[in-house]
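See the structures that follow.
Two complexes, one shared chain (chain A), two partners (chain B, chain C).
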Partner chain A sequence: MNLLAFAARRLAGAAVLLVLLSAAVFAATAVLPGDAVSAVAGVDASEAQRAEVRAGLGLDRPAAERYADWAAGAVRGDLGNGFVGERPVTDVLATRLPNSLLLAGLTLAVTAPLAALLGLWTGLRGGGADRVVSTSAQILAAVPEFVVAALLVAVLAVWLEVLPRVSVIPLGGTPLDAPHALVLPVLTLSAVGLAVATRLLRASVADAAATPYCEAARLNGVRGVRLAVRHILPNAAGPAVQALTLTTGALVGSAVVVENVFDYPGIGRELQLAVAARDVPMVQGIATALVAVMLVVLLLGDICARLLGAREGDDR
Partner chain B sequence: MSRQIDRRAFLRRGAAGAAALAVGPGLLAACSTDGTDSARKPGSGSSHRSGGTLRAAFVGGGASETLDFFNGPSALDLVRARAWHGTLGNLDPSGPDGVRYGVLKGIDISDDLSAYTLHVRPGVRFTDGSELTSADILHSLSGLAAKSKLPVYRLAAANFDLARARAEGDLKVVLPTLRPIADGRLILCQGNFLVVKDGTRDFREGMPSCGPFRLTEFAAGQGSAFERYDDHYGHVPHLDGLELRSIADSTARAGALTGGEIDFAHDLSPVTARTLADDAKAELAPTKSPYLVGLSFQLNMSAKPFDDPRVREAFKLAVDREAMVKTVFYGNAEIGNDLPSIGFPDYADGIPQRAHDPERARELLQEAGADGMKVRLTTGPETPGMVETATLFVEDLKKIGVRASVRELPAGQLYADFPAYSALPLAGSYQMPIPALSTYQMNTAGGSPSAFGWKKSGTDALVARARAESDQARAKKLGTRAQRTRWEEGNQVLPVFKPNLNARAKGVDGIPDDLFEQFPGFSRASLA
Partner chain C sequence: MTTVLTPPRRRGRPVRPGTPGHRRPPLFTGAATLLVLLLALLGPLAAPHSPTAQLAAPFQQPDGQFLLGTDVLGRDVASRVLGGGRTIVLTALAGTAAAGAVGMTAGVLAAMASRRLGDLLVRCVDALAVLPALLVVLVLAAGFPGSAAALVAAVALATAPFSTRVLRAAADTVLNSGYVEAALARGDTRRAVLRHDVLPNIAGPALMDTALRLVASLHLTATAGFLGLGQGGAAPDWGRMVSENVPGATLAATPFLAPALLLVLLSVCVGLLAGRLADTVGRGTA
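Let's turn to the complex of A and B:
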């Protein structure tokens, strides 16, 4: 099957999945205890005021009806307005989602080549270097993000004073207007991602290096970089690519800790705020957009893996 | 600690609203009438550079931040509006009526307490050159505030018939009361009644207004920028410009302050504030009374054994208030006396401070047959220090033989699920700074759900009489009697009042001069 057909099939599947997941997100907001009334009307509103606000927000209608309304709007590109502050959800996505994509993209750009390098080196070399790198990677993968962030801040911002402590971005600008503010968030996220990807790659490199065809290549005089890049990497990268795409996709919406610590204007914190305020349209819009991003990233990952030589028959 | 909730500021603001005082700055209007202006010039003796742009950081509300402060629940929404719009007035204990007027010259009260006449200060101009008249005030009050869902504005709606307000000529607005009240100035001049131009429906950059600054840029969840309005009535700001940023995390706000990226950080957590103590570039500037937030525990009288006054008293005697102030707030807080609204004129300061007496508490529990009782205290991280204080309270309760435990809900949930909240046997909550009697009427009287089973028509009537009493000494006496009942039999344990732990760069001055410190104003601020 050619690549185009494969992508088309997967896209169609993703669309169906998106609809199902958006319904699941909606159901989840419906079972969360509480609603947005307290966020809008205040804690001490009387019963009558609560009922009025609830009706004003449309929360007195059945959940299925509200979902149908939302879905009808969403198909036309209208994700509604948030309950709190009444800002259009698409506005919020338009300003915050690109920042999160940028953060995830930069993290991937740092992580992928470094992980390939370290994975190949340790997987092929073994010995003392392998043990040192593997153990460090294991430790790094186990350290919570906020600890990594705090350490980086302590060293780079407080002690050496080479980087700003928080990402103060010029008003109306994007993170690209203050590139130095991106360094700490990207480093923090990369540290954990790098550790995991290195471990994965090391294992599959070691496997690939032990295969008969590698042995044959070696016997034919292929060595060093050429052996690693031409013969081992393509065969070893499959699982690591999948793992990287998964972490990168997840980064888009779940870098909340890093967004908070460095005050980075990403979408994760908006989602967290919306959940706390029980702002259903905002939660629904952001979560659905994140699901869509994740599905696209997974598709790209599959295409990459396929290009890297997944078997023909494997066309799930 | 990031506490969006802080965001939850909405509560704060709400409440505050209620309580609060207002926007002070602009308001300084009063100067012309009460002559306090010269007295308020910042920092006599020190020299202040005129100009510069002050950068301040707040928790913010993310994408839900809005320019429409009548519908924006985050604290920053109100701070931004205070910089941008004129105000009716702010609470000012040193002012003649207990307030400092803004776009008003004064407020007269009819003898029968049935109507308030607001006198517009002549010569106040909007940024488009037009003069502020009664129509603008009327629109802001009965067009916008009356329709607001925020608790702040509900306090006014509970006391005044906003819909029936009317203009008399260009310089007078008459506002009927719903029942006779003598303390209405404290409600109208709490700082959150801001005035926009007649006909305003949408709030956007570039719309004319009459506050100390004009808005030049706004990005929700990120920040806003202002420049000085040179034709501002009464008092033109020292600053050339102002930048208000949203930085949700307390540590990040402190980091931006010590890193020189901002000049003022709002509402830090007690621990973060402590880390600034030795910093050469920054200093703490906690808000002063009455701008203190009460941390409280509500005992649900509809649930056994809290229907027994002896059990309620035991819980009040069990708290080691000193320890809370020292351990949670490192001394940066005041001890509470189980009554809200410390520092307001109607607060009953004549009632003796409740002692810490675990022995007596244990005896009371035994008398009530409640020794060894089991109870779970539910709370959430809605404002810094809340969960820590609850944890200490539970330890105090264990010492008098109560099998107590604490349950911390995720941020936002405590109040989001309101029916569950008001049914809790024991809930940890917080109280915004609002005058004592009006807040009682709004939140506690008539068996309101947030009263947790307190229903005493006698006390309700006493509060109503106190508020309808023009003679201040008699009003105070009646108000104190009502609060004494709450102190003796009430179901609220309020051990600590905490300030907003703000911090500023060394040399920044004049922010408290703008009053309504909870939502700081910058019209009198200056940089070093």
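Let's turn to the complex of A and C:
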């Protein structure tokens, strides 16, 4: 099967999955419509006011009909308006998603080379250094992100006073207008991401190093950096990329948490605010958008891994 | 999250007793885990003050009356620290138990069912696994605000897909083994095979999987507390204490450092034990 057909098949699968998961998100948030009404009308609203609000929000119709309406709008690029402040969901996505992607991109730029270095080193050398790095990565991966963030705040912002505690970004500006505000969020995400990536890369480097092919190269006198870069890395990269994309979900979660710790104006912060305010359309829109982003990443990961020559495996 | 927690594969070195591969039992980690679990579960009984009452000015330094100072609302940090672990541990345990039950049932069913049905089940589970765990928690929290049961369900839902896959693979291996074939050939019912052959033989992988799931559940529950999901209000929770008190980090460090360090201790100890268990069981079955 050529690459194009492969990509098309995966794209179709992802589209079906997106529809199913958006329906699941809708169902999970729309089963208790009474609660959305009290969130908008206030708890002490009279029954008549509540009925009015319910009709105004269209919540008096059956859930299946509401989902069909919402999905039809979503296809046209209209995700409805949030309950709080009547902001169009797509506007929020358009202003906040780029900020989150910037955070993710910077994290990737910091993490990828470091993880490659550490993964190669520990996977090839083994021994004491391997144990130290592997154990620290395991420990770091087990600690919740917000705790890592809080400890970084304690050391860098409180004790050493070198960085601001929250990401104050000028009104109407982008995070790039205040680069120092990005340091702590990127640092936290990178620490967590590095722990995850190093362990995955280490495993596939160790696998690649144990292949007869690498043994042959070694016996032919290829050693050190040349062996690592020319022979091990190309073989280890495919499985590592595949494994890494499978952890995207965890990293999306980390990003949500980190944005909340530092009040970073990203999509995760917006999602948490929407959940706290019981702003159902906003939650549905943002959750669906995040699922779509995830599916795109998984698709790109599959294509990358295929280009890097990994076998498709058991179609996971 | 599972990929993160799978134990590092060892390179084809044979393990001999006495080499570093044959390690001593993790006494220190075990003791530390036990200690922090006891603190979390029994702590509320030992609290010197009410964890929810405002007793003094906010962010007072530690003194004789308030051993760890006071928090953002002038509540006693020591009492809140003692009271704040129970919800996290209990929710994580409940979520793990639910995920384990669902994963075990679905995994064994998928393995015992016909190949087509089993594949279909696993595909559905895979679709669920695409959702980021925290997104499941957030969406369910939006649908069922302030519900502790919804938090448990979300934790279970987010972690069960991985269990299903692991246990299906384990049950598949057993079902394809010679002794199951022999048992079926001599006329044992599928029920008897399930009870006497399959379940005892997947107990090891199931235990290991549950331990890894517990690590993920603790992680998720603590994060949910931090984001203010689940049971709300003034009740103490280590995660929420961090989020409440980090804004005042420059005024007082203990109100957010104490719960943060306890969470580090808890997740690291449980994580190390689970990794160790996975290593041991993995080597036993490999």
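One rule holds in what follows: the second predicted complex is superposed on the first by the 295 of 316 C-alpha atoms of A that agree within 3 Å, B and C clash if a C-alpha of one lies under 4 Å from a C-alpha of the other, contacts with A are read in each partner's own complex, and residues count from 1 in each chain.
Rule of thumb we're sticking to: a residue touches a chain if its C-beta (ideal position, glycine included) is under 8 Å from a C-beta of that chain, and two chains touch if they have at least 3 such contacts.
Model, not experiment: these values are computed from the prediction.
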Room on chain A for both chain B and chain C (clash or fit): clash
Which partner, chain B or chain C, touches more chain A residues: C
Contacts of A:Pro113 with chain B and chain C, given as first, second, both or neither: neither
Which of chain B and chain C A:Ser134 touches, first, second, both or neither: second
First (chain B), second (chain C), both or neither touched by A:Leu298: second
Chain B versus chain C as contact partner of A:Arg202, first or second or both or neither: second
Partner chain in contact with A:Val143 - chain B first, chain C second, else both or neither: second
Touched partner set for A:Thr29, first chain B, second chain C, both or neither: second
Which of chain B and chain C A:Ala157 touches, first, second, both or neither: both
Partner chain in contact with A:Val53 - chain B first, chain C second, else both or neither: first
Partner chain in contact with A:Pro234 - chain B first, chain C second, else both or neither: neither
Against chain B, colliding segment of chain C, chosen among 26-34, 224-232 or 260-268: 224-232
Common ground on chain A, meaning residues reached by chain C in one complex and by chain B in the other: 35, 153, 157, 165, 260-261, 272, 274-276, 278
Complex contact set, residues of chain B against chain A: 2, 4-5, 7-8, 10-11, 14-15, 61-66, 68, 71-74, 149-151, 154, 217, 219-225, 243, 245, 247-249, 251-252, 255-256, 258-259, 261-262, 410-413, 415-418, 420-421, 442-443, 448-450
Partner chain A, residues of chain C touching it in the complex: 1, 3-6, 8-9, 11-12, 126-127, 129-135, 138-145, 215, 219, 222-223, 226-229, 239, 242-243, 246-247, 249-250, 253, 256-257, 260, 263-264, 267-268, 270-272, 275
Sites on chain A touched by chain B in the complex: 33-47, 49-50, 53, 56, 82, 84-87, 91-92, 95-96, 153, 157, 164-166, 168-169, 171-172, 260-263, 265, 269-270, 272-279, 282
Of chain A, residues touching chain C in the complex: 17, 20-21, 24-25, 28-32, 35, 126, 134-135, 138-139, 141-147, 150-151, 153-154, 157-158, 165, 195-196, 199-200, 202-203, 206-207, 209-210, 243, 246-250, 252-253, 256-257, 260-261, 271-272, 274-276, 278, 280, 283, 287, 290-291, 294-295, 298, 316
